[in-house]
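So, here come the structures, one by one.
Across the two complexes that follow, subunit A remains constant while its partner is subunit B and subsequently subunit C.
Let's look at the complex of A and B:
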């Protein structure tokens, strides 16, 4: 009961709206179980609240910080994820915790180039058509440069989605892209809808990972693929020590200098340490019902891509 | 959350030990984890039977508040290959069977898309699965080609087996060796005809370094089968020479078939006939060469002895 009252008091003291207080009181009993926020111990509701605020405050500088912390290597990681996915035109992608749209934009580029190659091959085969048929084929493909592929970007944080939408407009992505506000633990989609579900650097911030995995299983079509790109456990001891040094000494300083927010980046590096290692995450994914679960370490474990199929 | 994970982990570890499974990557695991969840893989008639199992496993786990998920690897009443439900095990499919089905379906799309991941994706789509299921396979289409070659070899073995049975039952005459080999290779190569346009691509895929062990294995097994049914019982070096020769014949004929445009590949079969005849004659020729060689050597030796004797005689005289 004391734990139930605690989050309410905490919520009241913040600059929250009346809605949040109500939500807090209703969730009062559900906020019971203790969990971690970085290296602190908090209740689940507190954790959700804190993480929301972390991303609210870093949203505008998210991309710049990504580039400076990982020295731009996060782009390569995301490209590798896209190559592993190898989507064919007509794929429906759900990118959860996709905030600023990195994965979504890469997906659209990829299917566009695959589609172009497909069309080129098709045209090369049709060497003996009449002019009429050729012009018809051009017309029907003009509106199909993506081949009916679509990506839905879902994020729990309004600020991140706002930044993502602005980026899309700025870079000129309009087709095949939609933005949805939603919680990974409770997705606002029907069952058996998507071909691929990705969550890049987001599952770490989900409070109940098992629920998120269950939801992923639910919204995927039979045969659909689950892909998770996340920071993971480095097994090499020398590299691990260097990595720890870099994480705890350099990254929060960068956070303060570039984004003016030491605490959020302290949370980031702590949350990486608290996240389950590769084999454990693989077991959790298998528990959710996925088959052929496998992982690929990038940079000897700094980042890992987990993949599973709903069969 | 940590305790729950640890408890879950212990349970999983214990379960794995109990099932004698190494805690290694999934690919090495035996295909005992049947695919329950998808309606696709169940036969509809047995769906009612499955419901009580699913609900009973649910009840087991409801009493464990820390264990959020009913493990799909249900213990005890799970009607898999290890369980008591003997008849139920046929309704579940293992991952490998599903992969076989996808590859088999993908073969229909090869003439259009080639031996690529696209064909596999279309195959998966035709089975009602998502196109993303093609991600289970290598992105260069290797598994599709290897699957097809393995299937052709199996079919060939069946054909040869039936042929042998007919001969044993007296329904057919035993063919002479060269005719047998010729017809076996022709039968095997005819299986390529539906895919002949894209077969060069398949050959190049088979020659990729990471595929060479598998493709060589398949090739040698096939040649072995043919020679076995041809009645080859050699236990000396001939075993190797025969197989090497037949492999050579098969590969060259395959290449000739690639660019043969005659009706029903007549040129290819004529080429094959000539090569087989050459191989048959080679044995006789080898023997002839050997005896001729021996004769020549003896002649030379005799001449040398004569010359040396003559010289000695001259000296003595």
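Let's look at the complex of A and C:
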């Protein structure tokens, strides 16, 4: 009897499935083509909504979770990104998906220290000036500790921006910093504005990566640099297995225990697996018009920094 | 490898992208595994491979172990994380819960509860009717308890990590009946009262979470309270717990009119000191 019922049920559910696909594609025409959310298949509109909700719910614990999941190593990755960028004072940086401000704060620290070094060198050359002239030069440089460098933090999620602003206040960052609500696929900026564009651990969550890359190209000045820090693919098989074990077994548990949110962190590890590997991303960046595109693997490919120039 | 059955004790290492895209394994019944293509769409709620009930998150044995350790540590570190206490109960209850379920099955009233699956929620409680009941009746005292302590039965977390749908109901019932335990034992919701109820529940249910809560809860009490706890309350709770029949076997929703005293006698709880 069970055997007899089974095929019927399979048939019915298959027909139901076909109807569902039909309905899905009808909706798809309205809501956008099919894409992925972690390992699920959803429409583009659904994906945007779900990702917004993920970051809305993790915003407050974002930094704590980053530290516990990566055992603090994410700070090193971001420092390496900043050293690769090597910004000089006067640089205008756009940090997209910059949410809680990690890159922006590092940028401000970096240009401030470069500026200090510059000023020290300048003063050393002024050995034969009078005290009057030296104190005057102190005065004018005091108001220019950043050397006109500026960073614009752009994020699509209000909660993440809110956390970022609070952090900035708490840590004492005020000048050279602005916060803008915006979508990486459609940036609210004019063409040819920025010297550097960064997107750290954000491009994975963008639904149309090609659009984001095109926008990056658009808002950069000629000679501007595109930098992308993102989780990527590990080719070493042993490390890959360990990494998978850690990602799928430990990270959602950490999410549940620390943030009370298993599902967001399950999404996170699945989205890393779904993201294009290094070479594919490099090709996509080249397609957007960037030149001298290259990538640098960190920790054998767990993370990669892609770089390109608008010429 | 995936057909080796659900009793594989080693931690599963998932292949990165699996055919149906599911990288989490669980030792849940394999019945859901076969018709994965179509049935998965129907059963799959939000996330899990094959979630057995709304809110179910399938977990591997390693994940359960990590969750148990993590939630135990977090509950001690931050006692206000009630969700962690709940998770601890779910991940460590794999022996106690089937035990409880069997006790319920072999009792006529318990069996009825398992069949009908009543839920205690503010929306299902007829508070006007309960308020109209005479003082000393279960319904009236329960309502008084909820109002005095400003708690609500709706704040109980639904189970997520229990891999059996019936056991998920059992633990849900246990959580919802917890407030009624307070009423029957006459204990308030302060730390002292909670610890006493935990001792009672530990004897009654054998849930490791209750045992841990009973053992570690007193750590945060003052010396005076500890003394009262040790000399009067805990011995009474243990005696009552041992003497009483299984508290999950009472269909409370049908006994609102019954006086608390008589219900205590029926179950076998000694009068509180």
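Everything below uses one rule, namely that the second predicted complex is superposed on the first by the 281 of 311 C-alpha atoms of A that agree within 3 Å, B and C clash if a C-alpha of one lies under 4 Å from a C-alpha of the other, contacts with A are read in each partner's own complex, and residues count from 1 in each chain.
We adopt the following convention: a contact is a pair of C-beta atoms (placed from the backbone, for glycine too) under 8 Å apart; a residue touches a chain by one contact, two chains touch by 3 or more.
Nothing here was measured: the structure is a model prediction, and the numbers come from that model.
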item	value
Partner chain in contact with A:250 - subunit B first, subunit C second, else both or neither	second
Larger contact residue set on subunit A - subunit B or subunit C	B
Partner chain in contact with A:100 - subunit B first, subunit C second, else both or neither	neither
Partner chain(s) touched by A:240 [first = subunit B, second = subunit C, both, neither]	second
Contacts of A:205 with subunit B and subunit C, given as first, second, both or neither	neither
Footprint overlap on subunit A, where subunit B in one structure and subunit C in the other make contact	none
Of subunit B, residues touching subunit A in the complex	1, 5, 8-9, 12, 23, 25-27, 33, 35, 37-41, 68-69, 71-73, 95, 98, 117-118, 121, 124, 127-136, 139
Residue ranges of subunit A in contact with subunit C within the complex	10, 13-14, 16-17, 20, 39-40, 240-241, 244-245, 248-250, 252-254, 256-258, 260, 262-263, 266, 270, 273-274
Contact set on subunit C toward subunit A in their complex	11, 13-17, 21-24, 35, 37-39, 41-42, 46-47, 57, 60, 62-63, 66-67, 70-71, 73-74, 81, 83-84, 87, 160
Subunit B-facing residues of subunit A, complex	33-36, 84-88, 90-91, 118, 195-196, 208, 210-211, 214, 217, 220-225, 276, 279-280, 282-284, 286-289, 291-294, 307, 309-311
